[in-house]
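The structures considered in this document are given below.
There are two complexes below, and they share chain A, which is joined by chain B in the first and by chain C in the second.
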Partner chain A sequence: MSIQPLKTRRTQAGQTVLSVRDLHVTFPSEAGLVRAVRGLSFDLAAGETMAIVGESGSGKSVTSLAVMGLHPPTTRITGSIKLHGEELLGQNDDQLSNLRGRDMAMIFQDPLSALTPVYTVGDQIVEAIQAHYDVSNAKAWQRAIELLDLVGIPNPQTRVKSFPFEFSGGMRQRVMIAMAIANDPDVIIADEPTTALDVTIQAQVLEVLKTAQKETGAAIIMITHDLGVVASMSERVVVMYAGRPVETGSVDDIFYQPRMPYTIGLLGTVPRLDQSTHGALPVLEGNPPSVVELPPGCPFVPRCPKAVDRCKASEPELEATDSPTHTAACHRLAELEGQGHAELFPPPELTTSELAELPREQRPVVLELTDLKRHYPLMKGAIYRRRVGTVYAVDGIDLDLRQGETLGLVGESGCGKSTTLLEILNLGKPTAGAVKVQGRDTSTLTRHERKELRRNLQVVFQDPMASLDPRLPIFDIIAEPMQVHGYKQADIELRVRDLLRLVGLEPGHADRYPQHFSGGQRQRIGIARALSLEPKVMVLDEPVSALDVSIQAGVINLLDDLQGKLGLSYVFVAHDLAVIRHIADRVAVMYLGKIVEIGDVERVYNDPAHPYTQALLSAIPIPDPNTERTRQRIVLSGDLPSPANPPSGCKFRTRCFRYAVLDEASQARCRDEVPDLVQRVGDQSAACHFAGPVRADELATR
Partner chain B sequence: MLRYIGKRLLNYVVLLYVAVSLTYFLAATQLNPRALFALRQPPIPPQIVEAQLRQYNLSDQVPLLERYWIWLTGVFHGDWGYSPLGVSVAEQISTRMWVSLRLLLIGTLAGILIGVAVGAWTATRQYMPSDRTITALSLLIISTPAFVVGTVTQMMAISVNNATGSRFFEFIGETGDVGNYPLADLVDRAQHLLLPTLVLILLGATSMSRIQRNLMLDSLGADFVRTARAKGLRQSKAVMKHALRTALIPTGTYLAYSVATMFVGATFTERIFSFPGIGQYGVDTITNRDVNGVVAVTAFAGVCVLVGGILSDIMVAILDPRVRLA
Partner chain C sequence: MSELVVAEATIKPQRRLTRGQLIWRRFLRNKTAVFGAAGIIFLVLLALLGPHLLYWKFDDIDTGAFLAPPDSAHLLGTTQAGRDVLALTVRGLSKSLLIGFLVALMSTSIAALVGASAAYLGGWYERAMLWIIDLLLVIPSFFLIAVASRGAPEGDASWLILVVLLAAFAWPLSARVVRSMTLSIREREYVLAAKFMGLSAFRIIVRHILPNASSLLIIDAALGVGYAILSETGLSYFGFGVQAPDTSLGTLIGEGSTMATTFPWIFLGPATVLVFLVMCVNAVGDGLRDALDPSSASGGRA
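Then we have the complex of A and B:
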């Protein structure tokens, strides 16, 4: 698997290939001038990987578009961007077009929309080659096939003629990578390349990116908000905040000796997959500032616990810290040396529940699923709709949730998490099996009983923007459930104020509209609404995944605190396994509509028994460069099979690394016999014929 | 694919049968051909009127279902019936169809093509003076009723004719005084076609350009255009090859549909320029209480719509691989 280089490198290894100096990017908006990037400088050496980290609005994506020259025409850019020592700013579009795709290439975030739907992937790769080199069609197609092979697309000879819609998201991102490396670029800019993908697919795509880099020797600028990806991929890091670089250095400097309080806070607020952290997370209070009308001074001042008057007066420049390559922008660098996030951002006190004292077995069961199934008919045809099969969305799961506990539900998209939630919330009759809320079977309820029971079961959605009606003031939003259930108006008014205070919002803001609140605040409003009817069970569907890293911790702490105060039980769906480890007491891992492993969070995370759980945990990059360097990763092959046509026997066997090394008789068992959930030691069960820790020989074959 | 189209065709035939039958019941109960003879001077004896109505299966004294049955069996033998005054409906439609086609084909097609081009172009120049000017002009034309546009064009043509003292612009009927030179017949027809075609282009292109502009704006902002640019394609090529190609998918269905339905959609243009086409016939049949005519025009329009539906399905399948292969 190797491709012929098309050209000789203009910049040799070790030398600077891309040099950015004092980059300023400004564009007009309705609200005023957006100063998206304010003075960014860096040097990128040939063949190295540099990460630009920051939250939304920090200017990282704007930087990538400015380097590529793909910014909107109204944008004003000053400073200097030099590729191979040649200035790019001021070149016209024709000159830049010659460089784009040949010397520098870009991989975008959303692979579903980044490929033109009406051309085959081969057409699109060939187009990228022929845009720069006068190559015959036959040769270009041959190269396209080699590139697809390199990025790990099976049967590249036939797949090259496929259209983008015939590929899954992960496969499309591989095609994007193939296209980006088609002309051996010197610089590849990857803008959140795996954010839209599942963790197992993210692991595959990151591997492909590493392979591509090894093959082409290109330098990579990795733009991301995911600190785990930074730790696993990059050698150097630039941390951006409000359009400014606030800290730069080697990945070890940034992760082990962060100096700027923002970096310290950011690293501290992320829950860790590899550490059991209970209690509150350190919190970066407040929100990233708007870059439209920034006040003078350091933009981090409103959130910084150590800000002094000097910080408000002038914006600090980057200056060298312990080593000349590690720079940070803070007026109090010297004074704050040696202070970690424990000193700077002490975690808040949380209320602990009295229930915590009571052993799990003695607490009442508030929600119980027995052999729950939900099948959907698979229909085809626009006019002649006919049933062509069945989607086994949820295919027999058992769960119980006891008072005051949190059950995490994890798995890749398409595994049935959301369907399970919908079945619980529906309070109706599932395809088979039963849902019991506080001991009542939901399939036998009358309309009135169902409405009464619904009070006990509330939901918080993923997207805080879409789940609040923008035309209602938040008072009405929070009051609505109580009005439906016939609360008295005077009680409602008191209660809305109490609820706002409870979730950490100002009661005086009740007459404002959702648009006046930030994402984290809106999620708090959603939580207040869910709490208004004093539910016993809260169903949380990815409640923090749409929020910025520094905002997540506050919402997670709030949920923790509310559980202690109100004795709530949570069903918490998340794709972020680190968040689940932090907040959940028990975890259920789902795969194709089945639970493959369930049990106490510590047991499952420390000693996973099912190969899928092992792969899932292994796929997640940990924000710790040393761990990442020594870790041996299990990368699952392929995508999730279709839930309409699941494999026989064990549904996971088609992607299982353990199955691959079993002898013939054992493999036959996996093929023919559906594994049941079998209890292991204590509170942990796994559905695998060969459950147990990962063995060295299983990894060696990969 | 063939089986699929066959199935759809069958579905359409059933749909058409139901629609036409319902129209028959509506027309036969609501239109009163007898009234046509009531005001004649000298009065016609009722027996003669009744005999004539019965001859053409139009008498309201015959039970509705019986009339329907007679009409239906006639249709199956290719006989679409007669007007109360005895004119063959089938003959009318078959001659007028070609009149409509000659009048409308060039104008409709050119209108769509020009509309697509203008729409796509203005989208690439969003909010620039050229875009704003074209937007304002096309909104003006779209909000002007078709008969006003037609009449104003005619008046302008008359003043040009008067000013130059020529008869360059012809706008009554299909043909006029044919000159005495080679291809004179063709030149005469072209002269008569010029104005109505202009009006059709104006009306078609303006609304099409609005649609195409919005489609194009959607695909100009799409991620895949940025991908194409990141590969090193020039702006113009990325727009033509990636944005326009994708934005043409909905246009394709619209094109197929409007070509098939143009026969019945230009009543005003036909009337103003005195082209005795199908659109005019549709209105005339209603005012003349011509039950069989109304039903036949409805059936014809129905066939056009269904053919348009099939054509646009085929068009989408050609343009969009997601439909073709999924």
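Then we have the complex of A and C:
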């Protein structure tokens, strides 16, 4: 798996390949001048990986576009960007086109839109090569095949002729990487390369990126908001806030000795996959500022617990801390040494209910699924429609939710989580099995009973913008469920105020529209609406995954607190397993429409028994560089099989690392016999014929 | 930023503005729209009070002035038959206003309800509705109206039948557009959220789907007013609606346009009024659209 380099490198390892000095990027907008980047400087050494971390609006993506020269023409850029000592700013588009793709390459976030759908992937890679080098068609195609092989596309000889739609998202991102390294670039800019992918696919793609870097010796600028990815990939980190670098240093400096309060807070607010953290998360209050018309002084002042008058007067410059390579921008740097997030951002007090004292078995069951199935017919034909197959979206799951507890539902996209939620929320008749809400079987309800039952079952959606009607003021949004269920207008007025206060919003803002609120605030409005009917069960569909890291903690704390105050039960769907570990009492892991492992969250996380759970937990990068360096990762091969054509026997066997090392007789068992959920010790069940901890020989074969 | 918000909130009186008040305030901020609304009110008043204030009645014949250009006796001149153009215009305006607004309102409402319900409910209902829409689109409307006209009652109320017929043929195309918009809106999470709250299908359509398609509906209605006023002329030919000696803007423009180069005043008066009316309607429509859409910058902050 090695490819011939196309050119000789201009820089040796350790030399600076890209140098950015005092970069300012400004562009006009309706609201005024957007000062997206204000004074960014860094040197990128050959072969090094540097991460730029920040929340949305911090200027990290604008930086990458400015370096590539891909910014819109109205943008004003000052400062200096030098590649191999050659100034890039001021060069025209033709000159930059020469560099782009040859010396610098970019990997975009969305693999769906980054490839042209009407050309084969081979065409596109060959085009990328021939745009810069005069090589024959045969040689270019040969190189395209080698590149696809390098990034781990099976059967590259045939797949090179495939169109982008014939690849899955993860495979497309591999093709993007192949294209980016086609000309041995010196710098690869990866802008959130794995954000749109599932965790097991993310692990694969990050591995490929590492391989690609090893093969080509390129330096990588990794732009991401995921601190776990930073810890696992990068050597150096630049933390950006409101367009300014606020802390730079080696990955260890940033993660173990952060000095700027924002970095400290950011690291503290992330729930950890490898630690059980109960109670509240530390919270960075407030929102990142808008970069239009910034007031003077440090932009972090409104959220900073240590702010003094000097911070409001002038913006701090980056200063060297204990080591010259670790710099931070804070006026009170000296006083902050050794301070952790526990001192700076003490977690708020949460209400705990007396329900939590009661053992689980003694609490009433509020939601019960028994052998729930939802199959969709696959139809074909325009005039005479006939059934050609079945999509087994949910294929027999059992679970129960008791009062006051949180059940986490995890799995990759396509595993049936959303279908399960819809089955619960529809209160209809499933294909097979039963949904019982508070003991009532939903398939036998009359219309009136169904409406009454809806009071007890409310939902919070993932996208806080899409789940609120943009045409209604938030008062009407929160009042709507109460109007439907016949509350008196005077009561509604009072209750909306109370609800707004309960979720931490200003009651006086009731006549504003959703667009006047930030993402975190909108999610609070969504929660207030769900709470308005005093439900017993809340279904939370990825409620924090669209939010920035520092906002996420506040919403999680709110949900935790409300559960304590109101005795709510949650079904919490998330792909972020760290969030589930923090908030859930029990967790159910789904794969292709079935639950493969279910049980107490601590038991499942500490001692996962099903190979899929083990792989899932292992795939997630942990925001701790030392742990990341020593961890042995299980990387699953391939993609999720189609739910229309699931494998026989155990559905996971096609990707299972344990199946791969089994003897023939045992493999036959996995092929022929569907494993049932079998209870292990305590509250933990797994559906695997060979459940148990990961053994060394299973890892060794990979 | 956050301090600013807090300060603003404390200054603000505790009284909450309802949605209607918010929309009204945003509408009033749009000067063009307010001007348009004033224009429409002026035209309505002119149509109501004009006949009582003017010296000439619309069916008076001035035997001393055939095809006379505008002068002090006839401000807008006279027609071939010696009728006062100003009086005719005012008379025609009252009929045309009624026809225009009623047809636009009816056709847009039918289009909105049929289109949205077809997409939202789906299934057999959708197929049946699409079939009717396609049928209405392919049948030549004039032919059908000519056939239907045979048994229709005649007299003063026949313009109402005209309104119904015009509306009946104006909605199908818009209904198809509303349906395709609804197909995307119904997948949004706030529609799902409303469903899981227990809202009925009708309320979801009226409260969540149609307001979010309102830009289209408002433009459709505004254009519909002009369309109805002009196409009324063609249908009058079949013996519907406005019959001589009664008149309408459409009839006046139709008659006047044949002599537009030689005796322009017959045509100019009614045409100016029609253009002014359509402009006012569009201005109000734009203002309403911006007032209903909180993301529109021209409506200002809520």
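Assume the second predicted complex is superposed on the first by the 695 of 702 C-alpha atoms of A that agree within 3 Å, B and C clash if a C-alpha of one lies under 4 Å from a C-alpha of the other, contacts with A are read in each partner's own complex, and residues count from 1 in each chain.
The rule is short, and it goes like this: contacts are C-beta pairs under 8 Å (C-beta built on N, C-alpha and C of every residue); 3 or more make two chains touch, one makes a residue touch a chain.
Computed from a predicted model, the values in this text were never measured in an experiment.
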Looking at the superposed three-chain arrangement on chain A, would you call chain B and chain C a clash or a fit? fit
Looking at A:L115 after the superposition, I want to know if it touches chain B, chain C, both of them or none. Which is it: first, second, both, neither? first
For A:E349 in the superposed arrangement: first (chain B), second (chain C), both or neither? neither
Contact-wise, after the overlay, does A:N98 reach chain B, chain C, both or neither (first, second, both, neither)? first
Once chain A of both complexes is superposed, is A:P302 in touch with chain B (first), chain C (second), both, or neither? second
Larger residue footprint on chain A, choosing between chain B and chain C, goes to C
Looking at A:P473, would you say it contacts chain B, chain C, both, or neither? Reply first, second, both or neither. second
Please work out whether A:S290 is in contact with chain B alone, chain C alone, both, or neither, and reply first, second, both or neither. second
Nearest CA pair across chain B and chain C in the overlay: distance in Å? 6
Chain A contacts chain B in the complex at 68, 70, 93-94, 97-102, 105-106, 108, 110, 113-120, 124, 127-128, 131-132, 163, 165-166, 176, 179-180, 383-384
Per the touch rule above, chain C residues touching chain A in the complex are 1-3, 5-6, 9, 12, 14, 16-19, 22, 188-190, 192-194, 196-199, 203, 207-208, 211-212, 214, 292-295, 297, 301-302
Please output the residues of chain A touching chain C within their complex, sorted ascending. 30, 286-287, 289-290, 302, 425, 450-451, 454-455, 457-459, 461-463, 466-473, 475-476, 480-481, 484-485, 493, 506, 508-516, 526, 529, 533
Using the touch definition from the top, list the residues of chain B that touch chain A in their complex. 7-8, 11, 222-224, 226-235, 241-242, 245-246, 249, 319-322, 325-326
